[in-house]
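Given below, in the form of C-alpha cells, are the structures.
Both complexes below contain chain A, partnered by chain B and then by chain C.
This part shows the complex of A and B:
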C-alpha cells in the first residue's frame, strides 16, 4: 500500500549552519546587554527535553550563553513584544531574535504603531525551515518534519534586521502542500466547502490558543469575549465555533502575515492558516496589498480608494 | 396571493440615505414586500460583519446592506471603508461555503424611494425562490443534544415514545 512511499528516503534539509547562527546570537546578545544598548533580549533557549527549545527573556549578559537556534525554534517571538505582554515591554528597550517570517510580523506591528523601529534591535536569523507541530524535538529537519509554511517560504533571509546571522544552505524544492489544499478547496462547490469547514470547526474546543499566540490579537478586550451584547457564542459548539473562526479570519484580514502560529498551536489540527491565506490572497488581488513586507501605516481595510471595485453593489 | 414560504430578510441601512429613502417610499405610498426588517445604523461603516453573521445564525434567509452612494457619506468616507470591508467579507463567506445570492449590497439615496422598492421586491422574490437558509440554523440545532438524534441509543428511545 504505502510501502513504496515509506521506503523513499526523506529529503534532508541542511541545518548544519544553525549552530553557528546560535553562536552569533549569543555573542550579539551579550554585547547588546553589556553595552546597555538594550535592557532585555527575547530569544530561544534549550527546552527541558533534549533538542527542544522554548522562548526566553534574558536581562543579564551572563545569561546570553543560554540562547540557541535550532529547527525547534518554532515560536514567533514578535508575540512577546506586543501590548498583550506588558511585563516584557516594561523591561525597557528590547532586542528580539527573528526569523524571516517573524520579521514580517514585526513590520506589521510597526505599521499598526504597536512597536517603534528605533526602540527595537532585531537579530535576524537566516532560516532554512523549522519543525512542524508535533514533531519530536530530536528529529532531523526533512520534507516530512518541516512546517507547512516553510515549504513555501519566501523570506529565508530576514532583510532589514539590524544584524543577520547564519548562512542559507542549498534548499531542496518542496511541493507547496498548503497551496494545493487551497486550490482544491477553491475548486469545490460551496456546499462542499461548507461541509469541509463545518467538519473542521466542529472539532474546535475553543481553547483560544490561536488567539493567544497571534501577534496581531493584542486587543485588550476581544469582541468574542463580550457577553452583552454577545457577538459570538462562547461555548465550544458548532454555531459558535463557526462564528469565532469567521470573526477571527475577518479581524486578521489584511494584517495576518502568515506566520501560521495559530495552526501550529491548534490542538485539534484545524487548518487555520488556510483562512488567513485565502484572505491575504483576495486582498492582494483586490487592492494589491501584502501584509508585513514593509511597515505601512494603513492596511487595506483601514484605507480606501474612491475607485475601488463595487461591481457587487447595486 | 399567499405564498408557501415567506422569507425573513434583514436590511441593515444607514440612517442618512437608505433609511430616508425607505421612508420616502413609505410616505409616497409605494408598496413593497413586508418581508424586510429594517435595522437602522448611523452609517454603513458602523455595520460590522458580525451583525450579518448573527442575523444568519438567528434565522434570516436573506440580508441587504444599503447605504449612501460613494461620495455622499454623511461622515465623508464611512461607505468607502464599508465597501472594502464587505468586498472581503463576501470572499470569506464564499470560501466558507455560504451562497452569496443571499447577501446583497446596494446604494440607495434619500431620494431613491423607487430604487428601494425595486431592490427589496427583487431580493424578496429571489430569496423566496431559493427557499429558507438552513445552513446556520442546522448548526445551531446540532448544539442541542435533543436537536439531532445522531446517537443510536437516543434514537431508539425517541422511536419508542
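This part shows the complex of A and C:
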C-alpha cells in the first residue's frame, strides 16, 4: 500500500452479523447430527492465528460448537463433496456450509451428476464478503481487504439452500476491480494479451494448487498428469505452464462458477480468475449460458442441440 | 569496535560482485511480491521481507536440465550437463530461516548418491545472511531451534543497525574472503546499536519429545483431524526452504529432447503411485502425515537433523489453513 492510499479512510463492510450466523450454523449442525439427518457436516472452524479459520469436517454433535463464520471463511467447501475427496464422502450423508458463491458450485456439480440434491443438506450463509488472499487474518473487512470476487457479488443470499442463516447488511458500493482489469485486457491487441499472460505464467511453479482447490477439477486422471502419452509438459517452464493454464481454462469453460479459489490459493499471485471469467463471458455471449445458476443444467459444451450455431464449420 | 557496511556500500558490493562475473541472488521486488532472483544491480536488492519462495532455488532449481539427447542415423547421442559451467554465486540477504536450510539439505544430497547438480552449486555459492527484524504469526524459527539472529548456514552475517547500515560478522573462510577482497567497503565503527530482532511468538518445542511421540503415533486420529482438509497441492513443499523431493521427466520428441529434474511434492496423489496402480498413501491425510514425519522424525533418524527451519511459508500458503506450528504445539502438549 503506498502513502496516498493510506490517507484514504477504509470503507468498512459491516460483518457484525457473522457471529450470529455462526451461532445459527452451530445450532443447525448439532441438530442435523443429533437427529442423524446427516453423518457429517463440512464447515469452518477457527484456526490458531487470530481471526483465522479453516475447513473442518465434524461427525459428533458435540463438535458443532467449533463451527464459526467470519470474513476469513474463504474456502469453497463444495470441493470436499466431490469424488476428489473420497474420504469425506465415505462418512455418509453430508451437510455443507455454503456462501452464495459456493452454492453455485454445488449447483454446477449437481448439473454434472456429481452430487444429488436430495443427498445433501445445505446450510446457506448470507455473506457480505470475505478476505482477499494475503490479508492478515485479524484485519477487519474493508474495501481494501475484501476479495475481488466479492466486490461484484450477485449472490449474497444463497437462495435454494435448506436453511439460510444470517442477515444482509447495507453494502457499500465497491468498484468492480476485476471487471476493470478484464476490460483492460479485452482492449489490448492479441499480441499484447499474449505477452501479458506469458509474463504471468512465467511465475507459475506448477504446485497445482489451482487444480486441487477447484471443485470442478474432480477428474480421477488429470490429462495434464499423463506421462504416456504426455499431453502437456509437466516441467514448470514456459511451454508447459502456458499449456497447463490454457487447458484448464478450456476445460472449465461453461463450468466454472467464478468462486475464484484458484486465484486465491495461487502462491505466485497469478490472476487466474480473469481467464475463467473471460471464458464465462464467451459462453454467455455464444450460448446465453451462465454456470451454476440452476442445478439441473447441462452445460453448453457438454450437450448437443441442433439449433446450436454451426457457422464455424466452413 | 564492530565491522560495519553502509547500505550504499552493500549495494556497491553487489555491483562489484556482478562486475566480477558472479551471479548475485537476493530478495527483489517483482510486482507486488518479493522473490529471490538474480539481481541486475545493487539497486535491485530489497532486503528484510521474507521472499515468497525460499532461497533453495540457488542450489536446487525449480526445473533443471540434467542431460540432452539426440537421435539420428548414426545413433543416439546423450550429452551430460557440465557442472563446471555453473555460475559462481553469492546469495545475499538470506534471512536466517533460508540461510540455515541448505546445510540441512546437504545431508541428503551427499548421502549414498552424490547429487553433483546440487553439490556443485553449493560449492560455488557464498551466503550473506541477514538478521531478521520482523515476524508474523506464521513464523516459528524459535520453535525449531533457530532464531532471528541465527548465523547457521551464513558465510557472512549482516545485522541491520539503528540509523541504517549493517554490522558484519564473518562466519566462515568464505565470509572472510569477501571481507578481504573488498576491504574498502567495510569500516570499523566504535559503537553500534542493532535494530531489535524479530520476536516470533512461541517458545522452543522439545523436538526430541515430538519425535518420540511420532514414533508411537503413526496411526492416530490427529492425522485425520489436521489433514483430511488437505487438498493435495504442492504449495507447502514448493515454498519450503528444506523440502527437496524431485521428479525426473524426459521432454521432447523421440529424435531430440531433454531430461529434467523438477520439484515434486509428497502431497501429490501420484507421488507414491506404483506402476501396479497400488498407492500405499491412498488418502490425503496419510500424505500429510508423511510430510510431517519426514520433517520431524525420518530425516532426524537418518541424518540427525530437523527438516524445518520455521519460516512459516507452508502456513501462509496453505489453501486450507493447515498450520504446522499449531500441530507442533499440539503434539508438544500431548
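Just so we're on the same page, the second predicted complex is superposed on the first by the 304 of 314 C-alpha atoms of A that agree within 3 Å, B and C clash if a C-alpha of one lies under 4 Å from a C-alpha of the other, contacts with A are read in each partner's own complex, and residues count from 1 in each chain.
Note that a contact is a pair of C-beta atoms (placed from the backbone, for glycine too) under 8 Å apart; a residue touches a chain by one contact, two chains touch by 3 or more.
All values derive from a computational prediction rather than experimental measurement.
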First, second, both or neither for A:234, with chain B first and chain C second: second
Chain B versus chain C as contact partner of A:180, first or second or both or neither: neither
Touching partner for A:195 - first (chain B), second (chain C), both, neither: first
Contacts of A:34 with chain B and chain C, given as first, second, both or neither: neither
Which of chain B and chain C A:264 touches, first, second, both or neither: second
First, second, both or neither for A:304, with chain B first and chain C second: first
Contact residues of chain A, present in both the chain B and the chain C interface: 237, 240
Touch list for chain C against partner chain A, complex: 31-33, 52-53, 62-63, 136-138, 228-229, 231-235, 237-239, 247, 249, 251, 260, 262-263, 265, 268, 270, 283-285, 315, 317, 319-323, 325-326, 329
Chain B-facing residues of chain A, complex: 185-186, 190-198, 202, 223, 231-232, 237-240, 242-243, 246-247, 249-250, 253-254, 275, 278-279, 282-283, 286-287, 300-302, 304-306, 308-310, 312-314
Sites on chain B touched by chain A in the complex: 48-50, 53-54, 57, 70-71, 77, 80-81, 83-99, 104-107, 119, 135-136, 139-140, 142-143
Residues of chain A that touch chain C when the two form their complex: 47-50, 52-57, 75, 79-80, 84-88, 136-137, 205-209, 211-213, 225, 227, 230, 233-237, 240, 261, 264-265, 267-269
